[in-house]
Every structure is written in structure tokens, then in C-alpha cells.
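We call the chains A, B, C, D, E and F, going by the order they appear; numbering starts again at 1 in every chain.
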């Protein structure tokens, strides 16, 4: 029968770019992937509009192409001639429990990195709380010599949110407090709006996080800010984990998200930033989070999140090609 | 300035039917309400599509009338000439925590019933897990001599769901196990589909629950089933708590819900059932749950849930008028 | 070039069933139509959700067929072999003014009936206020020997609504007060909910209106109620004007409307009723109102309104065929 | 790593009920399935609203359960204890070509039935044209001793539609003309509206098709019509192929479809009919078609189509259990 | 019971940022607010897509924060430590009558300014016609020494629209003609498209309005235009009234509006402009209008309108802090 | 009766800007139009999300103005004082057949240009495959001395797509291969993403197409790219055919399209580009394609496409005025 890769993107069982679905340990080992796509279908910790549990499926369904016919026009590369990739399915997040869902994400990523220590995990959220289990496993796998570039409207570095310590408002705090990543190796881009309160901003300053507000982007221009962010991210680490909350984009570009904040980046700015970062800095891992399909009538948010992955994959391939 | 009650339904601050917003204990006492509307904006325990946290606001926004111009055509009564009612706002459910949200619902209802022991609480969910805190407080307030009539596609009597004991699939089990309501005083109407597994159905049978599947409705007709359900509900209790999951209706009538199950009741059947039950059995409390506005494009699910409350209020007024 | 009638329904300039667009007086005279479709794109008088100004276009766009390939399966007739019909475009309703819009509707219908005194106007609303100008012109054209069969969730017979005398809540009052139609020749079917207040119901009773609530439908069955309504409508008049507010249907069948009221008729019941009435009573005119496309995501309300017209046209053709 | 079957329905790679994805011939043989789910993502032949190419994915995503926890309440059976099933992915339908897409469906089903001659294929459309390749392969596999029970608003038996002979308005004509199924073994239920023209109805009568219009359902009741349809379907064949166009349901229950026709069956009626038919007649194959997700805002049409499959599977299991 | 301010933004009775709902004169006096939020739920005068009557509720529901936890990151201020604010509910606009609705807005604002002469009213529309009653009261309150900065795609300075003099296309004409504001103190930014006709543009030029078309923004850049607009607005007045029609933004950023005009500002540009203006010019009052929720599927237009208020409040607080 | 031109835009039978509907040859000749609007309601050749068959009606319904009150603010012209225009309805595209639909488009345009050889056809798609029949007829009409400026995310110059040679991915190849337009007279702007494969890009380079990727726009700025594109388009031809695929815009500005590609132009950029091109280069014809209304919840994509036509018409009028 026909190979699934030969189908139109919308046809057949849906995996990311119709990549092979590989989830058994021995099969992952055999595949020896450079890149592994992982879903984290979870939204229990959101503080506003839920729905991100349906993010991984929406991102897998996005796009009009499959891996076999994929050609990055701007970079003039067919990435899958240079990198191998699998879709390893989802972590077994469970409805109603943050702790067990985070455990499942940790377990999934650890097992993945044991089976394929060389691979770059690319995690599709889910809400932003999943960055805590995800980035901590990746950072530990790289001996904690990993920085984080964090695109977001929100700092997500509160101590707790409504008494919840594993909320989508707290993952960056947990990562730093627990030593997985050093504060000074945290670069944030796109912050705006009216949160978090001053005490959190103070904590962030004390711990050396580099924050680039949209106000700065408006004044200095995005290119200047991006250049500086890349420089900062390179200081004293071997590689970076890139965490992209789609709400860093203006809601015009990402309406399908839980806490939309007007005044953000365009998709053009974000995709270029992802591409440039991965071209210039070794990538340890990546997540793209907070796609909420119930609010994404025309699916454009899932498309943008899908392209974040496509840009990162393509840039990785350029690096690998050399 | 103009009294809020004089506004069109869609104008001014939104309370249920533009009822007065009364939330301080002394003011509740002074109002001496027969009926108190309470919101439980919570959906952390859903196993499928979330969004019910926005249910209370959607139900308050529904309808085209306010309490001052409300006339039940079928019952030929202006209910608010016979019953007094308040909107007491929402319980302080918190994002990300089932336990603390359930505690908040319990606290809200206990304080309400202390301030107004005579009143009938009508709770707008939220997901169905809120029936556990809500009905337990109401049942205990009435010395546990309360039966439950439960309209739902799902039995919601599992022991746990994905390891979560306070899931929206388990409230009925908790109520019975913890002695708030006796199994034999539980009458379920509208069950269908492919859940729960046989072990749960067996547990229900052992504990004497009376279950009326849609298959029975299809064979015997809804009128016969309803008559029997009312008789069963009257056995050996002083009053009933009515719990209406909007998914008891077919998704045509209630698309805006988390676990739609085709093949259900029509709104016509459900509203008539609510009216008849409240006309015939003393009502201790009521909840209407699982309205998920993100899936309710034209708002018709919130309208139907709003009418469940309107029918109950009107029937209560008929009883009070005598 | 190709005749517009030969196009798929969704192609080319949109007229009702791709009927010829005829709006100049002399061309109407020449067409000598049995039926004329007229739009009344107006919603200034709604008391809740507006949008009905877009109703005529949505109804014209509905359906998958055109007049040339139209065959009523149940009645086994190709109506347009027996009746001729035109789409005469819209009355020039203006944004922001009820009075001038009603004047425009009156003018449009008078001119139409002067040019084609034999024709049955079928008016697509617009909100229900348009029944006042529309039915008054039709009734006067027939020497006020016209009854009205009125399908609606709401009696629309209030004296005023928020101080507005030409509201969509008042057209039936105006028609009766101004002598266009006698109260006893008014038959209402489908009333439910919580409006109007007792004083209006009393006025209706005093003026002899026959009202059939949904509560009566639930008790006696729709067939019995429909039979009686048809008998009542035939008493002492030469013909009837049929006014169909789509909200007589349950919101499941008509979500795209301004004041949805759960617990209504199914489309199956309504369409059968329209067919039976027109088969049995001479039709003077018809309107179908309150289609609000912004709330009609899948267009099913416009489809149902379109079928109200199709059923009436088909039944008229059966009568004409004899 | 975790077995995909252990995930919540919305998690992990999406197959129907999380059934194993088995598409290689030798693996199908090894699985020896009683039931095989097949997608036909195709909508090139629709005459109105397209979108059905996304039907298979939407149906796979529907439901809140997986095969491992599936218990039919009404039939009191856990079907997958008695029948084995696989999801074999989609036929390789191609955008823009009817012929090649139909070829792909034929090839997929032939290969399936060669690998698993005992299995019952259950095909998820796609538009209704796919019934021609699908049912012809199934009928031929059973030596053309197969009848068809066809639920639909439309007869789909035209000779051509806009000059297209493989349109979604013609599959039943092709099946009969080409001898795959005899006209007298065709039973149609739910026809209504204004199509096809008399010549097609005449052709159908000449070829002995049994047609049950909604007008008949309204007069005789659905139970009587269903009983008769089952009797007719049993005459002179060994088994039946069941073809369910979701537009047989009223648009209230199936808004997400291409040619909605008001006045149809309820989901309650349809699901009961499917269950009864499969309980009483040997099933050779089945398709459920015309789910168009772009028009299915709350997903309720996909849910209903999913339940058509669930009811058929459950009834098959009852037969197999004996 | 819990203070409403302690709830998540989506919980409890909805007021703007959970500000106290204060509507009785004596309570307003006692509150001595710096800022008062007022709703004007009105859309009778729109010339295209209605729905803005639901704007105030949608704006109140927007955002993920409440006044107690509000921290403007860019301005580094917690505004409610420096300014006090109330939500005073809606003006009693009535369906179907422009005149009486405008009267109600005037009455509401006059009573507010009598009770709190120091406060800055911030009015949530409603369609743009409400600027006439709103700005005239505010200007008169400040002895007509008020300029207007007007962000809009449309000049809204026609003499009449379809014969309606209080249309949403005419408020600026009425304000100038009736002497509330001088033409030369009118600064318009964002005009584009194909309206109004030359005669209106001529009238505007004669009366000295300063108009900045998008064409100018495209040529000179937004920063230059904004600087000039601020300078112009400061000439010869004591303070400004800021009127923001959300359609000044491109429909990408504000799809939920009545007369979308492609080619507009981004949210980033608009919010920055509002912030800069209020930082630099004393603010007498503000309105944000033309949010039409039925067209705002993901709510992003209401979010942007909400942020217009948040930016103005924060900038006011900076000025007050000094 | 009232002239259709005097209606509000949303009222009466819908033609583009309420232009006269003229489709008979002799009437076209008599009208002697400068501009003719033509619809091509066709989407059979799309490779992803269909729906563009409904594009022409959506574009006709867009806008809030009619030809009689149309004033381009930026260009300070009332175009219809200088150019005459008609809406000539749709080509008779048929469901299910690419070939016959393309034939119908060719026939429609040839007949139009025979009746009105001086006119500029402006075609509303439909999917992008319609550019092949449309531009070939226009180019041949101008003796093949026509260049093409092509705004698109995709090069649409593949040899075939899924074996289909008349796909929406191939029209530019067909135009060049068949000699209607020379490759060097092809200027493409806005390409991005991951398609077509290198072989197609190589073919394009061999044939001298000038391609401007978004990557170039990001680096050089849009103004510089646009200037160069205009220069290139002017080389060696008499006039240009402008083909605008709305997906050249970012999905934020054009969500309602079939193959959205994040990272595109803003509406502001596109509309300015169209205006500048038509001001500077003689226009032979134009199409705007790939508006897919089922994905265009708020209609903003249809609005933008409508404005592409409005900008071109206005610029043409400026040229004609001289």
C-alpha cells in the first residue's frame, strides 16, 4: 500500500510533516534522529482561556507540505536531505493533574534522550507550564550548560499564580530556582502589558535575566534588539533552548491563544528571529506553546506555530550541511 | 441615576436577569432571598474540551429579559411577584487547582446558606465536578434527606478518571461514598454512549441508583420515563437537588459543551422535565453545568442553560403562590 | 453569453433561486408574476441581537438549486411549470430610521401590487417590525379580508417596546389597532418563554387573537394544534398572510436569529406546517423574518428560511395546477 | 514508552478510537481484523460547499474515548472484546482529479480485502461520490450479492451533474448501471427537498429502488418506515452495504455538511436506525460521508458521524458474540 | 465572603478590571474617582454591520488582570496606586431610538460629572455616534476649551447619512456645528478608503480640521505624523478628548468592527499613540468605539479596545504621580 | 421603483459596488465599459483548503459603499466620474471539472473583449488556476505584449501538482510554456515558505522570471523591492496583467484563504503596491484570487480583495483623468 509520506498533507494519519511515527525505544534508537517532534497536550495550568491541550494536533494538521517535498526558499535548502527527524507522539499528559502531566513530559523526554542522545527535541504545547519539565530535562541532558531564549508577552517568572506553583505563569522561576538554567543565561523578548507585578520584575533583575520589552523594540527597532538578544544568549553556554509562546505575536497573527496581548510581534518578525537564532547558536531544544485551537477559527495560529518548527528545522539543516 | 433593573438585558453590568448583586453576608441576610444564583467558573477537571470556566458569564448574558418584566407564558405567572432572588456572584475558583476550587464552592455555599438558610441555591457551572461540593453542602444543610435527579449523557459515577478523584467523571460517586446522598435516591436520566465501563455500572446497580438510558426513552417515550423518574425521586426524601448537565441534550441543542454525545434530549423535552419536576417535588438546590462558551458560536447552549434556571424559578414561584 | 439561470446556485449574481431580477414597473407588468420575492434588509428595531439587515442576501444565497431545476419531491411537482416568479430586489430601507424604512417597504409593496395586482409578495426580512408595513399593504390590497397565521416564539403584540412603537415587538398590535387585520383573524403558533407581560396577553385575549403556545403543542401534539390553527385561520376571511419568524423554531434549527428561545419547533414541523397551510388556504402574502447571518455560522437558519419560501411556492403551484 | 492506546482521546497521534494504524499488507494480514477503518479524503465532486476532504481527520478526532475503554451502554457490550479492528489510514485521493481519486479508493479497498477478506471496511468520506468506488469493490468482493441501505436527503442517482458523471450526485446510478448492485436491492431513506428532477425519480422507479421520503416518515412515523426498510433490505441478498450521508440528518444535527437540507432526521433517529440495521442484517461494508469540517464550528457533525461508526461496530460485536 | 477584586479576571460579576461598580450619585461622590468607566451599548446608527451594542460587555470581559494586580511594564507603574477609578455601568440606551439613547448618554455623563467633576470619563461604545453626546458633555464641562484627537478610518464628519443626522457618520460635524469643539482643535489620524465625498472633505478644510491620512503615514512614517498630531492637538486648548474608533486599526487587528477598512494601523502603533498622547496632553475624556463582538470570533478586537483604556489609565497615573 | 444604485451597500441584489449587471453582448457593447468585473467561482484545483468558489459573492458583498458615492481619499478622485464600469457576472464554471471551467472562463473573457475590446477585465477568483485562462485571453487580446506582476506566497509555476496540470500550483508555467507571456516579463513578489522544490525554481530561473522573496523584502525593505519590481515589469511590454493571490498577505490580514503562509505582506503594503503599479504601468487586466469565505469569519479577507479592485479602479481613473 501507499507510503504515508506520499499523501497530500491533509490526508492519512496526521504526523508532523508526515514524518514517521516512532515511539518505541528500540525504533527511536534505530532511527537515530537529529530532530524529534514531541507533543505535550496539556492546559490545566492556564489562568485564562484554556484549549492548548488541542495544540499538538492542530500543529500537526497545519501546513500544506510533507517532509518529502520540503524546500526552504529563503535558505535554499531541502532540510530533510541533511537532517533526519521523527514524530514521537505525545507525552501522556492527563486531564486534571499538573504534577502527573509534568512527570509524563519529563519521562517522555528522558526516554527520548536516552534512546537518541544526539537529537534536538522540539516540543509542541500545551500551555507554557510545560517548559519547566521540558527545558529542565534538556538542560540537564546538556549538563546544565544551556541558555534560554524566551519569546513571550509575559515573563512567566512568578513564584506562584493563584497559589499554583506549576502554573503557566511560573515555569521560568522553577527552572532558575532549581538550577537547571542560570538567570543570566535567560533572554526574554517581547514582554509587554501589565504583568507580572514589580516584585517579580525585581526578582528577575536580581537573578540577571535579560529582558527586552516591546517598548524597547518600538524604540530601537526589532533588528537591534534581536542582535543584542543573540549576543546575550551566547554568553557562557554551549547551546540554547528556544521557548516560543505564540502570544509574543500580536493577536492579529496569533488569535488562537490563551492570554492574547495586543501590541506584539508580527509573524514576519518572529519567524525571522527563530531562523536567525538557530542559524547562529547551537540548539539544544525548542518548544512552541499556547496554541489554543478553539480560538483559532481559521487556524492561522497553528500555522504560525508550525512555521516556528519549520524555520528551526531548516536552520538546523543549514548548520548541519555546514 | 437609573436603576440597573430598568436596562435592556444586554445593557449595564451583567447579573442573572439583572437581579441585584448581593455578596456581603449582612446584605444577603437583609435580602432574605428565596433563590440565590451562584457561579462556579471552573473547568480544571474536564477530560475533553475545556471552557466551562466561562459558563457563568455566558449564562448571565443570556436571555432578552430582566426580572422586572418576566412572565412565564405557559405557567401564567410573574415569578418575581412571589419569590425573591439575588445573584451572589461566583465562588472563588482558582485556575489550576481542583481541591482549592472545590473548597471555594463549599465555602461560598455554606456562607450563603448560613446567611439565608431558607434559600434555594442555583449554581451555574463550571464542569460537572462542581456538583460534588455543591450538592454535598446542600444535602448536609437539609440533614442529608435529599435525593438527586441527574440529567446527563454520562453517569459521572466513576471512582477516578485518569487517576483524578475529583474529576467531572466522578462527582456522583463521591456524593454517595461520603454519605451525602443515598444511592437509591439518585435518579439518572439521559445516559447514552460508551461510558462508563461495566464495573462502574455494576457499582451503580449495587448502590441502588435508578438509571434511565436514552435507549429506554426511545422505547418507552420520554413522558413515561419522566413520570417514573419523578416517582422514584420522591421516595423517602424531603426534597431534591436537580443537577442538569447540558450534554443531556443532543449536541444540536447544546453544541457548546465539553463532551457532546449525539442522540440526546431536545431542549423542549429538557425544559418541560425541569418544569414538571420542580412543580412536583420540593427543590433543595440546582445546578446547570458544562456550558462551554468557546464551542457555543451562536450562544444557544447558554440560552438553554439560562432557561433551565428560568423554568425552575417559575415553577418554584407557582409552588410558593400555592 | 450564458443565461444566469444556467449557473450553479452559488455562481453568478445572486437572486432568489436565480429568478430574474425585475424591478422596473413596466418590466414587472410585463412579467405578470404569480409570485414576487422582495427583500426588507432592516434591523433597526430589534431589542436584542441585530444582524437581520443581512437576512435577504443570506436567504438569496441559500439552497443548492435554481428555479429551472426545481422539483418538489414530496408534492411531486415542478412548481415553476405552473407559477411564474420574479425577484424584485429590496425595499430601500435606510440605516438608522425605522419610519423611513417602513415607508420604503410600504412603497415597494404598493408599487409591486400596482404593477402586478395578482401576485403574492413573499418578503424576506429583516426584523419582525417589517410585518407591519408589509402585511398592512397586502391586507389593504385585499380589502382587509385577510387573516394572519403567525409562527413565532413571541407574540409581538406589545403596545411599545422601550418607548418605540414600531419595534419588532409591536407589529401585530399596529396591524390590529389600525384595522388592517381583525384580531379574531390572527392565529399565533409557537409562543413560549417569558414575554410579553400579562397586560399584553390580556389585550390579545380581548381582541380575540387565537394563540397556541408551545405548551399546548407539547400536550396535544403539533398535528392537532396545526389542524385547529388552519381551521381558525379560514374563518371569515378570503385569504391569509403567513408571517414566519424563524425563532418559532428551536435555536438548534435556527441559531442565526436575534432573540433565540429554546424549546421551539423543529424545521420538520415548521416546513410541513407551511406546506399544509398554503395547500389549504389561499395565500395573500408571506414574510419570513429575523434571520441574523452574523449568528448563523453554518448558514442553516438561512437555509431553513429559504425552504419556508420553497414550500410555500411549491404548495401554491399545486393549487394553481389544480 | 507509553502505548498510544493508553492516552486520552485527544492526545497522541490521531487514529480512529486510537486503534492501531496498520497499513502494510503483511501487517494487515497479521492483524486479521474484523473491521478496518479507511479514510477517503476527497471533495472534488461536490456541487455546493466543499470541505469534506477534511472529514476523515475530523471523525478520527471526534469522541472522548478509545477502543480500550469502550462500553456500549444500550447494548451492554464492550465491542472490542469481540471484534478486532484497525485504522488503515486513507486512500491516496489526489486534489483536483476525480478519476484518480476514485481509482485510489478502489485500490485501497481491494488491497485491504485481499489482505483481510473477512473484514468489514468502514469508509469515512469524503463526498458521496466515494460510495461508487467503495461500494463497488465491496459488492464485487461479495459476488455482487449485496444490497444497499442508503440514508440521505438526496437520491444521488442522477446520470450526471453539470456534465460530471462521477459527481457526488451520481454514485448510486453508477453502482446500478454497472451491475455492482441491483436496483431492487437499493433502499433509500430520508429523501426530501427539490432534487433530483422527475426523470431521475422515474429512472429510479424503473430500476426498482425503494425510496422512503421524509414525507413518508412524517406520515407513518420513523419506526414503521425503518421496519419496512429493513425488510426490504433483506430481500434476496446475503448482506448489506450501509451508506450514510450525514445530510440525512436535519442541519441542526449536522450543520457541517455540503448540501444541508432542513427537515431531516434527528441524530437519535439515525443512530438507532444504524444500530437496528446492523443488529439485524449482515454487514458487508459501510460508509459515512459528507462531513465538511469548515462548516462544523462545534464539531457536532463529526461527532455524529463518529457515532455512526461506533453504533455499527457495537452492533457487529453483538452479532459476533452471538 | 470574598471581595470581588480577589477573583480571576474571568470570574465573578464582570466590571472593567473588577473595579467597583458605583452608580448611585452619593456613592460616586464618596468614591471621588479620578477615572470613571461608562458603557454606551448602542448601535442603532450604524450604516453597515451592527453589533456594537454588545461592545461594553465584551470590553469589560477582556483582559486577564484586575485592578489590584495591574502593573504597566513599559511605564513601570502600578496605576491604581496613583489614580482611583470606578465602573459606573452603562447609560440607558434604548433599542430602536437614536435620540433617546443619545439623551441617556448625555444624562449619564452629566450626572457623573456633577457627582465627580474632577473625573475623566472613559466611554466604551457603542457606535461612533455616541461621541456626539459624550464629547459635547465633556467639552461643555470644561467650558468648551477642549480639543479632540480622533483616530479613525473614517472622518465621521458628514452632514447626514441616509437622511439621519445622528448617524455614526456625523458626530464630528455635530460637535463642531454646535460649538462644543472648534474645528481647528480637531486632529484626525488614520483616514483612508473611499469616504466621505469631496464636499465633506471641503467642509472639513473650511473648518480647519487637521487630517492625517494613512497615505501620509505611509509616506512620512507614523512617528512623524504622531508628533505633529500631538503638537496640533495642544494648540489653544486646555485638554483633549480622545476618540478612538477601533477601525483605525487594520482589520487584522480589529476584525470585530462594523465598517472594516483594510490598510490601517497596527495595534502596536495605536497603543503607543494613545500612551504618548495621554502622557503629553491633559485628558478631559476618552471614548473607544465600534467594537462589534459578533464579528470578533477570538475576541481580539475587544482586547485591543480594553488596552486602549489600560494605556490611557496608566499614562494618566504617570502624570498624576508626577 | 428605486434605482439599485441608491441603496446601502448591503441592500438589494449584490453586484460589485452596485455597478450595473450587464451580461448580454449587445448591452455590453452599449455600455462601452472601461472596466468589467467578472467572477470565476471555482476551486476544484486547490491542493489544500477549498472554498474559493464562494469568493466572487463574498467580494461583491464587501465594502460599505457603492459606485455613486465613491471617493478615493488618498488619490483625491471620484473614479466613476472618469471611468465607466460594469459587473458582468460570473463565468459558468462547473463543479467537478477543471477543463470545462477553464473553458468557461476563456469563453466569458473572449466574449467580453469582443464586445468591449477597450475594457480592462478584473477577475475575482476562484483559485489561482483561473489565472491561466484569464491571463492567456487578456495577453492574446493584446498580441502577447503583456507582462505579469504576480503577488503571491507561492510561485505557482510547477509543471504539475499531484498529476494535475491545471492545478492552482501551475498556472504561471502554462502561461509561459504556451507562449502567452514571456518568462522575463514575469515579476513575482512575496514568495516564501517551503515550496516549490528546487527543480521548479531552476526552471523559473532558466526562463528569466524575476522573483522577489519575502526574505528580500525583509532585508531591503518593501519600498525598494516594489520600485525594482515596477521597473522590471515595464521592460519590453505594452501593459501588465496584475495577479494578486491574497495569500501574499500574512494570514493575519487574509485568514480566509486556502494555503495560508505566515510571514507575508500587510494589507497596507499590498494596497499601496497595487495603487502604485496601476498608476505607473498601463493595465491590461487583473485578477484577485484565493479568497475562501468559509475560513473568513469576519470577512476581512474579502474586504481586502475588494480593496485591491478599488485601488486598481481608482488608479486607472487617475490615469484616464490624466
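Throughout what follows, a contact is a pair of C-beta atoms (placed from the backbone, for glycine too) under 8 Å apart; a residue touches a chain by one contact, two chains touch by 3 or more.
Computed from a predicted structure; not experimentally measured.
Minimum number of contact steps separating chain A from chain C: 2.
Against reference pair B-D, the listed pairs A-D, C-E or A-F yield one interface repeat, A-F (criterion: more than half of contact pairs the same by residue number). Between chain C and chain F the centroid-to-centroid distance comes to 40 Å (mean Cα coordinates, whole Å). For the pair chain E and chain F, the distance between mean C-alpha positions equals 38 Å.
The residues of chain A that reach two or more other chains are 8, 10, 47-48, 53-54, 94-95, 162, 250, 252-253, 266, 295, 297, listed in rising order.
Viewed as a contact network, the protein chains fit none of the simple shapes, being neither a path, a ring, a star nor fully connected. For chain D in complex with chain A, the residues that touch the partner chain are 1-2, 4, 6-8, 10-15, 21, 23-25, 39, 41, 53-54, 56-57, 60-61, 87-90, 92-95, 104, 108, 111. Per the touch definition, chain E reaches chain A in the complex via residues 8-10, 64-65, 69-74, 76, 78, 250, 252-253, 266-268, 271-272, 297-300, 303-304, 307, 310, 314. Note for the complex: chain A touches chain E at residues 47-48, 162, 191-198, 201, 213-215, 218, 250-253, 255-256, 259-264, 266, 295-297. Of all residues in chain A, only 43-51, 53-54, 94-98, 100, 161-164, 166-167, 294-295 touch chain B in the complex they form.
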